[in-house]
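Next come two complexes, and both contain subunit A; in the first it sits with subunit B, in the second with subunit C.
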Partner chain A sequence: MAEPSVAPWALNGRNLADRICGLIRINRQTLARYCFCYLGLIPVLLIYWVFRLEPIGRTFVLSFYDWHLIRPLKPFVGLANYRDLLQDDNFLLALKNTTLFAVFVVGVSVALGLALAVLLAGRLRFTAAYQAIYFLPVIIPMVPMAIAWKWIFDARYGILNYVLSWFGVKPIGWLTAPDVAMWAIIIMSVWKVLGYNMVLLLVGLKNIPAVYYEAASIDGAAGWAMFRRITLPLLKPILLFVIVISTINAYNVFTQVYVMTTGSQAAPGAPLRVLVFDIYQNGFQFFKMGYASAEAVVLTLIVLALTLIQFRVIRMDGE
Partner chain B sequence: MSKWLRSGKTPAPGTTRRTFLKQVGVAGLAAAAAPVLRPRASVAAAPVTLSLWTGYPELEPFYKKAAEEYAKTHPGFKLETLSSQLREMEQKLTAAVPTDTGPDVFDIGRNISLVFADAGLLPPNPPKVMSLVKSKAYHPVVVEYNTWKGQVYGIPFQEGSKPALFYNTKMFTEAGLDPNKPPTNFDELMAAARKLAKKDASGNLVRAGLSLRLSGQGSGVAEKWWYVLHAMGGDLVVKTKSGKWRNDYDNEAGRAALKFYVDAVHKYQVDDPKLQHDAAAFASEQAAMLMREAWVIGEVKAKGPKVQYATVAVPRAKRWGGMTQPWSLYVTRSTKNPDAAWDFAQFLVSPPMAILHLQMTGWTSMRQDVDWTPILKETPQFKPFLVWDKGRGQYTEPAVPVFDELETKLADRLVAAYADKSLMDNPNGIAKRIKEMAAQSDDLLKKAGLYGTD
Partner chain C sequence: MDGTAGGVRRPGCRLPGVPAVSHGILLAGSLAMLFPFVWMLATSLKPAEETLLWPPRLLPIHWRFANYPEVLDAAPFVRYFLNSVVVSVGSMLLVIATSLIAGFIFGKYTFPGKRVLFLVILGSAMFPFETYMIPLYLTMKSLGWINTYPGIAAPYVIMSFGIFLMRQHIAHSIPDELLDAARVDGASELKIFLRVIVPLCSSAIGALGILAFIQAWAAFIWPLLMATHRDMYIMELGLSTFQFRYTADYHFLCAAAVLNTVPMLIAFIILRRRIMESVALTGLKG
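Let's turn to the complex of A and B:
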């Protein structure tokens, strides 16, 4: 019987497979499995490339151009957009406001979230109900909530001023007074994110083995000492996650500011200018996409730097 | 062309020479007139479907009704409309027009159309439309507004910003003011506002004597400040002899306009940022006076039908004028039916449609050759918007591509200034604020290469 003829390309392919196997020291079966896995991943990676990496890369490239959305001429300007940012009062104000917002929202929501988690982790009645109540704002979309809060904060008809009037407090222009408006947005944002932080920290607390607390109590430790020496160190990975995620979200604040401050019955403009709003305005109102991209790059770098610092600080502390 | 001539046959027996010559003459005239009649004939002949995009959802029913009217004389005509909120529509158009994927017709403000025109993305008006726009149907300021580099773009459609003073006649009477003698200058306006403002037992303002635009993000704040600034003799920007631009409010007029606002809020307390504002406040009788556009009439009709009020032209100071900001209809370069698109756009601004437009939407037409008598009989409050008094000028936004950004950024600073009590009786503080604002405006013009001095 004559041997079955083999196509030259098939022989080449077989040789190639043998070579790869030899090179990375695996057998052909493992190689086939690897190939299957990577082929399966290609569509996902492609989607990730198209919707994540490519836009990020393009934003970076755009930041070096005077890229107006409509004008046909889009000249390369190098670092001019970045230089302009440093002299742009609106950008610097937005950066200051966003940082203030992030510091307070992250600080208060993590501290309060931790306090609530510690309370709910103990032997409290109706724990599940409390968890559900605190978590409820997280699942409600931001736009309707921002509209509801706009009414809560309304100087004349808002329930907040009504309640405060029982204690003799004069009506406060929560969203109209320049020195109060940012605090109003911070209060609303803390309320929105508190439940999320609390649930994550609660999961972390419940995963701390009881044996540590038992050993500590045998050694005479209690209360604050136990919390400081056992709870906090063992909660650090979750705490790091919560702080990082909260910081990223806080620097990206936009929806509540936009919804609560547009229109004629709204906030005092500049004191509530935040970075993403400034990016939105430059990009989609003034169509200065190059400039808006430079702002977006700066925002990304700030968040990245803060995240790295947080990682470093918490890890160093752990070591 | 005559059938006989085309076929080369002789006239049928029985046809007299005179009849034959008559027929040839008629055929000749028809042939000569054909090129003139052809565009109209082609518009009417073939059923056409046009698409129209609008940034004002409340205009959609009017467009549909107008399309029904148009279809009566243009059988088979159909209109597909798409509406969204203004900012969203601006974004849609900025993506669609440069890529030739837009509609046949769209309405938009000049902040967008000017950039399209500058980039060569918008066709200028064809001669027939040009003659309509340049006819006496429109005020020269309006024609100038739609002109860019010598070409006219779009058909002025509706008034975007023409203001008037709305005042509550019942409150006027209660305050001892004569509702038939409304304020004619800004001193009288402030004096009336002080009488009309109402406070509760604790001294909190519960009714604004004059509701001003004190807060909110966007160019509207600067636009409303401009009403006062213009009357005081200033402008946001002015064209220099070199054809460039510079601010025109770092001067006495600018300082007087800011002082008017600061006095209104802090010195005379005729308005308070904490109060309800705008048309909603006027309709709910929480404001006695308001300077706003014609759409407020519809708003009051819907939300405060029992409110007794009248309207009058915005008061004067050194100058008397009204702002005008035409919202225009444009035809895209990518339309497959330019003749039909332009024809329909012209139909939309025709006098009967101008009346329908006002009746259905509350927005006023830009045309000045429409007989508004039936409208004024029904709703006399439209008068200062439709009938222009002698001596009352018109002013409008300059053709400066960065003007929207300039107004928006000025607005942020104005809002902060209105809230600053330290500016009360503080001419130096006001002058400093105005200088800072003006420097920012000039800086924007410089960056756009548009700044110049005399």
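Let's turn to the complex of A and C:
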């Protein structure tokens, strides 16, 4: 009876493995591979479950409860949160503002990004330098850039109002009134994301095989016609991807709004209401987490709809 | 990123006189892109009274480098920087590890449930982080992870795109024969992963590492929720609270903003090509 703890266990393990193999009719090597697959994936899936999948699911669950962080009673209220949302002026304003923001930022940044990409795809010198410059704001974090822009937009000493004064424009309180702040944030955000769109569209342009251009130029196409007939159709999948990803990002705008329009006497007006800010405020300042979750569900549905549209169009193209 | 084959001119150059006009447009645009950086840097070197000059001047009259030490005295930006490094490097390493192992398994094996698991992992990426941060916050609270590095890094330690990228890379550019040869030599699956797969993924690891690092470094709303103690602030958060304290002192704010810009700026100058290529990779998602 020497070493009872080791030998019988190993023997049992072997027997067990054989029995399992017999039971589900696979050979031992396949079983070993399955074990490797599942054991390897367990930690990854565990992280996915705890940090992503379960929270996604619980957002939906919470949205049906009057879930207040401080109050001990968290009653089920059905669709009441959603009904309240429809009458919540802040939420409706946030929805409107965020949509407007998304439309303008995506429209302008994709159009400018495409123009830049077309210019840079041509045979031009210094394209690498231009690309680096336009891409720089993408890589630099948002908070310092928001501060730099806040200073540019400053109502009394800001350089922008100074430049505008050359053209006889009276000083504008860029960040003090929410409806003006919207435009300031849009300008800043276009500046920030332009380079990202440019880089993706440039890859798309360079992936268009040269033979298409050769063939079109033999047929006498040039300039605008070439762009409309060759470039645009062939660029469509990546263009669509850029539009959808920018729209999703725009719907999640928060940092620049938080830094530039909330909090201090430098921004005496009401904060610019956007969806994520409203979620943040309801959930983490007013602790109405059930209500904020209902808002989050609305945001989720918007984003999912956009993603599905993208899949649809790409699939239609493939057929 | 260079696919211009056979000397065919791209549409941008087909108009007459285009190079000069193009350069004009691109240069003007470049100035607009760079101006906020220049203005921020110039302001950071001015004494307080010169930020209130009207008309404003670009360059300081009296250069005041003391803004920088004074900012560093006013808030522990070095500590914030180190926190950012810990969170970003930790997230990056975990993204690389999880993407490698899952990418390998999804790329080279068949097993029951594979399709479903892969779809769940990819599908979860459709949900923006902001939509599920409330329950995640509650989870962190119950785990006691608020004001801890794991808590701040949590959402950034996995990346569905990373798993997708690694799967593509491993499935398409590492031949099955290589794995079979290793198996004949008696290597276990784990050994194959560590000795054969990982060394052959170095370029993909680099690209993914850059993306993961940038993602964690740029995080804002989650650290804002998770770090309530000043010692746990990452740079972005430290700067935003600094901003609420020195609202109108733009010479200080700009100096602090410059300090927060420098690490990424240096990284971009050194790794420009690789960073831009990595970001361009995300276009594959579609």
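By our rule, the second predicted complex is superposed on the first by the 262 of 319 C-alpha atoms of A that agree within 3 Å, B and C clash if a C-alpha of one lies under 4 Å from a C-alpha of the other, contacts with A are read in each partner's own complex, and residues count from 1 in each chain.
Heads up, the rule we're going with is that contacts are C-beta pairs under 8 Å (C-beta built on N, C-alpha and C of every residue); 3 or more make two chains touch, one makes a residue touch a chain.
Bear in mind that the values here come from a model prediction, so they are computed numbers and not experimental data.
Asks: More residues of subunit A are touched by which partner: subunit B or subunit C?
Replies: Greater contact footprint in residues on subunit A: C.
Asks: With both complexes superposed on chain A, which partner does A:199 reach: first (subunit B), second (subunit C), both or neither?
Replies: second
Asks: Looking at the overlay, what does A:305 touch: subunit B (first), subunit C (second), both, or neither?
Replies: Neither partner.
Asks: With the two structures laid over each other on chain A, which partner does A:231 touch: subunit B (first), subunit C (second), both, or neither?
Replies: The answer is second: A:231 touches subunit C but not subunit B.
Asks: Applying the touch criterion given at the start, work out whether A:177 contacts subunit B, subunit C, both or neither, answering first, second, both or neither.
Replies: Only subunit B is touched by A:177; subunit C is not.
Asks: Between subunit B (first) and subunit C (second), which does A:293 come into contact with in this model arrangement: first, second, both, or neither?
Replies: second
Asks: Pick one for A:271: touches subunit B only (first), subunit C only (second), both, or neither.
Replies: first
Asks: Could you look at A:284 and tell me whether it touches subunit B, subunit C, both or neither (first, second, both, neither)?
Replies: Both partners.
Asks: Of the partners subunit B and subunit C, which touch A:46 in the superposed model: first, second, both, neither?
Replies: neither
Asks: Can you list the residues of subunit A that touch subunit B in one structure and subunit C in the other?
Replies: Correct list for subunit A: 157, 263-266, 284.
Asks: Can you list the subunit B residues touching subunit A in their complex?
Replies: 87, 90-91, 94-95, 97-98, 115-116, 118-121, 202, 204, 213-218, 220-221, 273-278, 280, 402, 404-405, 408-409, 411-413, 415-416, 419, 440, 447
Asks: Given the complex with subunit A, which residues does subunit C contribute to the contact?
Replies: The touching residues are 1-6, 8-15, 18-19, 22-23, 25-26, 29-30, 32-34, 36-37, 39-40, 43, 51-56, 94, 98, 101-102, 104-105, 109, 111-112, 114, 117, 120-121, 124, 126-139, 154-155, 157-158, 163, 188-190, 193, 214, 217-218, 220-221, 224-225, 235-237, 239-240, 243-244, 247-248, 250, 253-254, 256-258, 260-261, 264-265, 267-268, 272, 275-276, 279-280, 282-283, 285-286.
Asks: Which bits of subunit A are touching subunit B when the two form their complex?
Replies: Counting only subunit A, the residues touching subunit B are 68-72, 84, 89-90, 155-157, 170-173, 176-178, 261-271, 273, 281, 284-287.
Asks: Which of the residues in subunit A come into contact with subunit C in the complex?
Replies: Going by the criterion above, the answer is residues 32-34, 36-38, 40-41, 43-45, 47-48, 50-56, 58-59, 62, 116, 118-124, 126, 130-145, 147-149, 151-152, 154, 157, 159, 162, 191, 194-196, 199-200, 202-207, 210, 213-214, 222-223, 226-227, 230-231, 237-238, 240-242, 244-245, 248, 251-252, 254-255, 258-259, 263-266, 276, 279-280, 283-284, 289, 292-293, 296-297, 299-300, 303-304, 307, 310, 314.
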